[in-house]
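Below, chain A partners chain B and then partners chain C, in two separate complexes.
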Partner chain A sequence: MISFVLNRVAQAAGVLLAVGFIAFSLFTYVGDPINAMVGQDTSQQEKEELREKLGLNDPAPLQFARFIGNVVQGKFGLSYRTSDPVGRLILERLPATLELALCAALFALGVGVPLGVYTGLYPRHWTSRLLQAVSLIGISLPTFLIGILLIVFFAVILNVLPSFGRGETVKFGWWTSGYFTVAGLKALILPSVTLGLFQLTLIMRLVRSEMLEVMRTDYIKFARARGLSNRAINYGHALKNTLVPVITVTGLQLGAIIAFAIITETVFSWPGMGQLFVQSVQFADIPVMAAYLLLVSAFFVTINLAVDLLYYVVDPRLRGSTGGRH
Partner chain B sequence: MSPSTAAAPLLQVRNLRVEFPTRRGTLVAVDDVSFDVAPGEVLGVVGESGAGKSLTGAAIIGLLEPPGRIAGGQVILEGQRIDDLPYEQMRKIRGARIGAIFQDPLTSLNPLYSVGRQLVETIQTHLPLSAFDARARAVGLLKEVGIPGAETRVDHYPHQFSGGMRQRVVIALALCANPRLIIADEPTTALDVSIQAQIIALLKGLCREHGTAVVLVTHDMGVIAETADRVAVMYAGRLAEIGPVRDVVKNARHPYTRGLMGSIPSIGGHAERLTQIDGAMPRLTAIPSGCAFNPRCPQAGVRCSIERPDLMRAGPSRAACWLYDSAGVGAPAAREAARG
Partner chain C sequence: MSLRDRIGRAADSDIWFSFKASPVTMVAAGLTAFIFLAALLAPLLAVQNPYDPASLNLSDAMKPPVFFGGDWSFPLGSDDQGRDLYSTILYGTRMSLFVGLCCVVVAMVIGITLGLVSGYVGGAVEAVIMRIADVQLTFPAILIALLIDGVVRGIISVKRHDEIAGFVIIVSISLSLWVQYARTVRGSVLVERNKEYVQAARVIGLSRWLIMIRHVLPNVMGPVMVIATINLGVAIITEATLSFLGVGLPATQPSLGTLIRIGNEYLNSGEWWITIFPGITLAALVLAVNMLGDWLRDALNPKLR
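Let's look at the complex of A and B:
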């Protein structure tokens, strides 16, 4: 168990280092940071001095090591655009994105899994067929279109939900939360639905097909032959056996939700990291882009790690056999 | 234990008919099958692949998979008709009064739960026992089916057991609530040849101790000869012959059974397809008129392709064959063959 965890942590660190290298390359090879920092009338002499002072003439491996060292300490440098520390910019935006992603994920799981179970248990029922058809739409409509349609319907026509911003937020230290005010919660609804709809349909279809498959297995037939109740069979035996693939996909999709929040945040003017990223791309604000890249990949890696550990909890076959086969 | 013929039957199957509605008409997979099982009796069921053995078993425990359905007849357990019970009532009979064992022990157990959990769950479904008592019973059952170190093994997961051990666990699961009848559908086919005999001996021993009757479906005539009290031979969805095991094995009446018995492989050396008889069993879509066996029967007469024979008295057994038509209107060829 411990060696398994260490192994996975090492892998995660390797991935992060690779992403760190890409971020570092952005600095070094995309544009000249000196030009981005100094004014038009700075002399060549002054530029050289600045370059020396910033260590930009050091060998690349040394620069990379320094970059990683800074990143580990949370120092991402100053934004080219606002001259604020990048770390602070990101921290300001982080709560908005994470709260949105969490809501979207809960929405996708909370609705997707039950619908998947239902359509998997009663595949012939007309509601299952309808859901199956509707879910195709959910999968094929682009996110921004869903967002715009929702805005048109709920914000413009019915005028019951806000179409932009986070509403009212409450401060807890550096964290701002929209979970504790009615306006904040209302503001979360449309973006969460927009962001989570694709994942919802994906999870529903996945759970459905896994359920259909598991219900055909011998151990379910044998469970029936033993007279277990439908509840024990459907939820105790069948659903649990669909969990491993569902956890995998959900984990990956959670990462995707955070990454794809960019589009939803743009549509709903949501003051999160995605919006920050879009702005920084427009200004070629490389420190912000690099930090965003690192952060999102850190999320991905962490989630993957959590998924691997969850497998361990769910599936005894991975735990290695104590006692071995007899 | 030889069941007394006077004992009221534990299970009565009456004119059972199982159908599959398909786009091109209805397939009759089990047709007019009737037999009794006495308490504590082992009834062997044999026949070529596709003869309807498994479907008969599934119909008895009420687990036919749609679109398959019981289209006629009755299944009566201890005097109570059970084929038309609502799902919930039938569920309470399954496991409690009729147990089942399937072919493949590797896939019969849920891989995510320990065997103890699966045993306790089954025990508590049918018996009013506390978690503690149910666990004690689970350990006891594992001991009874011969699993060494049952106290620790109870917490192990299926993948930690070998195939033979898993089938022992499956037997323990079937015995959880001490059912009166067990349907065992090819319980050893998927196992290593070297352990098949052990498992059959275990099953037979346990059922004798508990007085449990068994419907034992198998391809293995050796197993039948050693284990069963009576044998039912199925052909193309119907009973061809049914009778005491000694009589059927040594002195088969039905030409099909004679072909089957042409060589009895020893236990383990099972013949997947019983190919001593020329030709193959007809498809369900093309069952010949008259006796379904007539195209392959060396003794077929004119009447055999016109009229379908029902089970008739043939010595101590009964056979569905015109050779035994006591009314004396059998086809001349058939009658000659019977005499010869």
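Let's look at the complex of A and C:
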């Protein structure tokens, strides 16, 4: 057990270090940080002095160590575009993205699991077939197109839901929340549905196929022979065993939700990290890109690690000599 | 084998049978063929050339489609620069398909090469390539593509970037898609390399590269072709998404994604057609290609069904 955990943690640290190195290379070698900091009329000599002062002439390993040190303290340098500290820019936008991602994940789980159970229990019913077909279309459509269609229908034609921004937000220290006002909650609906739809179809299809699988097994037949009610069999025995893969997939999809928030946030002008990232790509704002990359990968790696460990706890078959999931 | 025999054999094959047995696939194939043809013949079918600024007239801007108060000179309406939407969609589809196909081919070449090398050479080379693949697989393709695009913008000036935007986008998407090919090819090579025909080739004294390319490669191409078909849909969506986000193809050379982004700005003021028609085209294209890919995967590999 200990060696398995250590192995996974070491792997996660390795990935993070690699990403850190990429971020560092971007930061140091792509675009000149000095040019971004000084005005047009600065002399060459002054630039050189600044360069020396900032330690940009130091050997690369030393600079890398300093970079990592700064990152750990949350110092990501200044944005090329707005000249604000990158750490603050991201922190300002973090709540918007996290609240949106949470809502999307809850939506995907809350609708996806029941639909999956239903289509798994009655696979031949026409509503199940219809849901299957619709979910195929849902998987094929690009996220931004779904967002636009929702805007056309609910914001332009029906005019019942807002199509951009977070609505009204409440401040708790540095955290801004849209969960406590009616306008904020209304503004959350369309973006969450857009963002969660892909995961919803994924979870639905997963639960469906797991249910179909489980319903064929002997222990379900035995439970029927014992005369248990359908309800007890379906939810007490069958559903419980389908949930292990659902937990892992949902966990892994959390990362994807954060990444795809980039698109949803752009469609709905949602003031989150993803929108910041797209703007930074458009303006080649390297410090913001590097910081976003580091933050998102830290998030991904943590989730992957947690899911791996969770799997190990939940599924005893993995506790062999080799361990790990491939 | 004569042509007649070949046709006879093709008509007798499992794939043709599974094709005929699935009406959905036939519709998807028809739709795909139709869109490909329309894209190929765009210069003939279009009423104006949207890339030629001289043929545009700003007084024609924002004309609605023909059944919504417009006239027949702009059957699907016109956009903010007075471009005929019907012609623009034809050219945009052409652009989307071209970029998508290029991405698939480039990603395939990179992936196959790295997969062959790591599978056949092994050792440290394999370890390095596969570790990179593992790390990259942790991140969604769209994030990688966005990142590469941003880095290129940082290296070259923004003005130069517009000129080579198509090239940049193909590189960034290809680099985000190669992993799947590399892993599949490596896996198959590990199986193939111990088979007798490879040993025989080695005994004759053929060089490593010749064995890899002439003997091993043809035997691992099956799964690669399936991935390529499925990836075409992914590549088209990724390109459309990047263009929609404003980091893909510029408005002067619009793809479907660029058109949707342009139209999105006018959505709230009532000019819905600029977004909706390219959107429908994109959805139909991706759906048809995906269905074909799904079918091909099932038909070539019954075990996966």
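The rule we apply is simple: the second predicted complex is superposed on the first by the 298 of 326 C-alpha atoms of A that agree within 3 Å, B and C clash if a C-alpha of one lies under 4 Å from a C-alpha of the other, contacts with A are read in each partner's own complex, and residues count from 1 in each chain.
As a convention for this text, contacts are C-beta pairs under 8 Å (C-beta built on N, C-alpha and C of every residue); 3 or more make two chains touch, one makes a residue touch a chain.
Source: prediction; values computed, not measured.
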Quick check for you: in the superposed arrangement, does A:A60 touch first (chain B), second (chain C), both or neither? neither
A:V134 contacts which: chain B (first), chain C (second), both, neither? neither
Just to be sure I read the superposition right, which of the two partners does A:P142 touch: chain B = first, chain C = second, or both, or neither? second
Could you say whether A:V5 touches chain B, chain C, both of them, or neither, answering first, second, both or neither? neither
Counting touched residues of chain A, say whether chain B or chain C comes out ahead. C
Where does A:I286 make contact in the superposed view: on chain B (first), on chain C (second), on both, or on neither? second
For A:V15, is the partner it touches chain B (first), chain C (second), both, or none of the two (neither)? second
Within their complex, state which residues of chain C touch chain A. 135, 138-140, 142-143, 146-147, 149-151, 153-155, 158, 233, 237, 240-241, 244-247, 260, 264, 267-268, 270, 272, 275-276, 279, 282-283, 286-287, 290
Within their complex, chain A touches chain C through residues 15, 18-19, 26, 30-31, 137, 139-145, 148-149, 151-152, 155-156, 163, 255-256, 259-260, 262-263, 266-267, 277-278, 280-284, 286, 289, 293, 296-297, 300-301, 304
Listed in rising order, chain B residues that touch chain A in their complex are 61, 63, 91-96, 99-100, 102, 104, 107-114, 121-122, 125-126, 148, 152-153, 156-157, 159-162, 165, 170, 173-174, 176
Can you name the residues of chain A that touch chain B in the complex? 217-219, 221-230, 232, 236-237, 240-241, 314-317, 321-326
